[in-house]
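Below are structures written as structure tokens.
Each of the two complexes below includes chain A, the first together with chain B, the second together with chain C.
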Partner chain A sequence: MSKAMNKASHVYVTYIRSTPENVWRAITDPDLSARYWGHSNVSDWTVGASWEHRRTDAAGKPDLKGMVIESSAPRRLVISWAYPADVDAPARVSRVAFDIEPHKDDMVRLTVSHSELEAGGEMERGITQGWPFVLSSLKSFLETGKGLL
Partner chain B sequence: MDLVFKALADESRRLLLDRLRADNGQTLNQLCAGLPGMTRQAVSKHLAILEEANLIAAVKRGREKLHYLNPVPIHEIAERWIGKFERSRLDALSQLKQALERRDEQGDE
Partner chain C sequence: MTTQKSALDPAAFTPKSVYRIYIAATPERVWQALIDPAFTAQYFFGLKAEVEPRRGGRFRLLWPDGREHITGEVVDWSPPRRLCVSWDVRNMPPFSELPTCLVTYDVEAEGELTRLTMTESHDWDIPRDIMLGGEEGWPKIISGLKSLLETGKPLTFDMAAGPPPDFVAAVERAASEKPWLLK
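Our next item is the complex of A and B:
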């Protein structure tokens, strides 16, 4: 079954000519994430720490927030993921796992598993549009030095 | 990229992707139940071709395998031609941004 209760999950995979270390850095470094994602991912990425997905203007307002659930650099990162207004509403907090595996000699297989989404909700609609863009942009950024922004 | 075009050049496989788009994360049994016109063997073969082209991400869960539509390679193909015409800020991003901002405004009230 794809759903428990009315929860939805989505899984995205991309193959990137890069190293697990560089993919990890691109996801977790505020300056690098800004260059292909348009937002800065900010945290110390230790389990239990909070993380924020901040706008790149001076105010740096977060558009997403969550906690670090698992952190095994450079292979696996699991975070909770919610709109700032929803961080204290468990039903509206989703979960994102990044799995970074070496593939063949010089590639990385990056899997993003976004689960515990409210089925049909605004977040689900947003991320199903957003992840294909973000992963294509990340691939372009790491392989050519330019994101798709 | 050849694999993606070959995988998409078949109506049954496009139908399978449609089914996953409507209800993501289905098992082989669920997909077969929704497609009585196709044998289990045929569905299984098509899924393997779609997975090989990275249009489906398959995730093991216990003894089952869940199949997810993975549109990332299609996005990459679109980007190759559409991106050149400065359509690179795809609707995807602007819609996500709008959704987030709308959300913010609601949250700020």
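Our next item is the complex of A and C:
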């Protein structure tokens, strides 16, 4: 049975006193992402590669998985984004774009656009809670050296 | 010509824009940053807040030279948890032609952090392109507030460019058509 699915998207904008290079590293480096996100983002970040959002314990189980769709360090990264059980169910695979733009001399405007979400689904509920916290923690980490975890 | 403002009924307003951030500070410090002109002048495009601390009290945001930018009234005064103010733009056509909106700040402790949620509500079917213009501003303001409280140093934005032309055009269109009169 096929049924047209309502899709949702959400956009989050944050200004951070930092450089595009440092924002890019904080998102893509497993050790740095663990310090403010509580998970390690692991990939070689080349187009077509897979990425995983792994727990920081010894087992390192991924809680999210996807593929790298676009990768233009340090300005734009686009990845697919799904729960590990859903990676082969296209209707449940969403997409996240990070746009990292320098703003004036000392800031970065970071825009996270999370699209292709199943409207009203578990992932949409999770990310609307999650992104404001993750981006707040990333901003604290880059500006003060300490994330909010 | 001034638009006739009817008596304010908060229940008639619908949230149209929400911006949420987590800050490593107490709710009391976040509250102070919202109402104290010495703080707002540093992160709110130089504007000084003037808040009469009671429901029904006067609310204003003033430019450094004392001119009014925003005037309104305190709709909810519940320190340090909730501040809601009505919001009329002054002396800035076409923006000052738009109907009153409501701005609500919810300040909630979450462990050692504070979750600040700004909600902008309208009582008419405000076009999406006007909301998008406003949504350029809030991330700058709220990001700056967080930086100020966590690092002691605000973010400084350049206001010289003024609002984007598309935003101004959308507001001009609404100001001439006045769709809110058709409610």
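Simple rule for what comes next: the second predicted complex is superposed on the first by the 144 of 149 C-alpha atoms of A that agree within 3 Å, B and C clash if a C-alpha of one lies under 4 Å from a C-alpha of the other, contacts with A are read in each partner's own complex, and residues count from 1 in each chain.
Assume a contact is a pair of C-beta atoms (placed from the backbone, for glycine too) under 8 Å apart; a residue touches a chain by one contact, two chains touch by 3 or more.
Because the structure is a prediction, the values reported are computed rather than measured.
Following the overlay on chain A, a clash is recorded for the pair chain B and chain C.
In the overlay built on the shared chain, the residue A:P132 is in contact with chain B and with chain C. By the touch criterion defined above, A:I16 reaches chain C but does not reach chain B. When the two complexes are superposed, the chain touching more residues of chain A, out of chain B and chain C, is B. When the shared chain is aligned, no partner comes close enough to touch A:P90: not chain B, not chain C.
Residue contacts after overlaying the shared chain place A:K104 against chain C, while chain B stays out of touching range. Contacts of A:S140 after superposition on the shared chain: both chain B and chain C are touched. Of the two partner chains placed by superposition, chain B and chain C are both touched by A:L148. Residues 13-15, 132-133, 135-136, 139-140, 148 of chain A touch chain B in one complex and chain C in the other. Contact residues of chain A toward chain C in the complex are 13-17, 104, 107, 109, 132-133, 135-137, 139-140, 143-144, 146, 148. Across the complex, chain A is touched by residues 20-24, 113, 135, 139-140, 143-144, 146-147, 150-151, 153, 155-158 of chain C. Residue ranges on chain A touching chain B, taken from their complex, read 1-3, 8-15, 38, 61, 63-64, 83-85, 111, 113, 122, 125-127, 129-133, 135-136, 139-140, 148-149. Only residues 23-27, 30, 54, 57, 59, 66, 68-76, 79, 83, 88-93, 95-96, 99-100, 103-104, 106-107 of chain B touch chain A when the two sit together in their complex.
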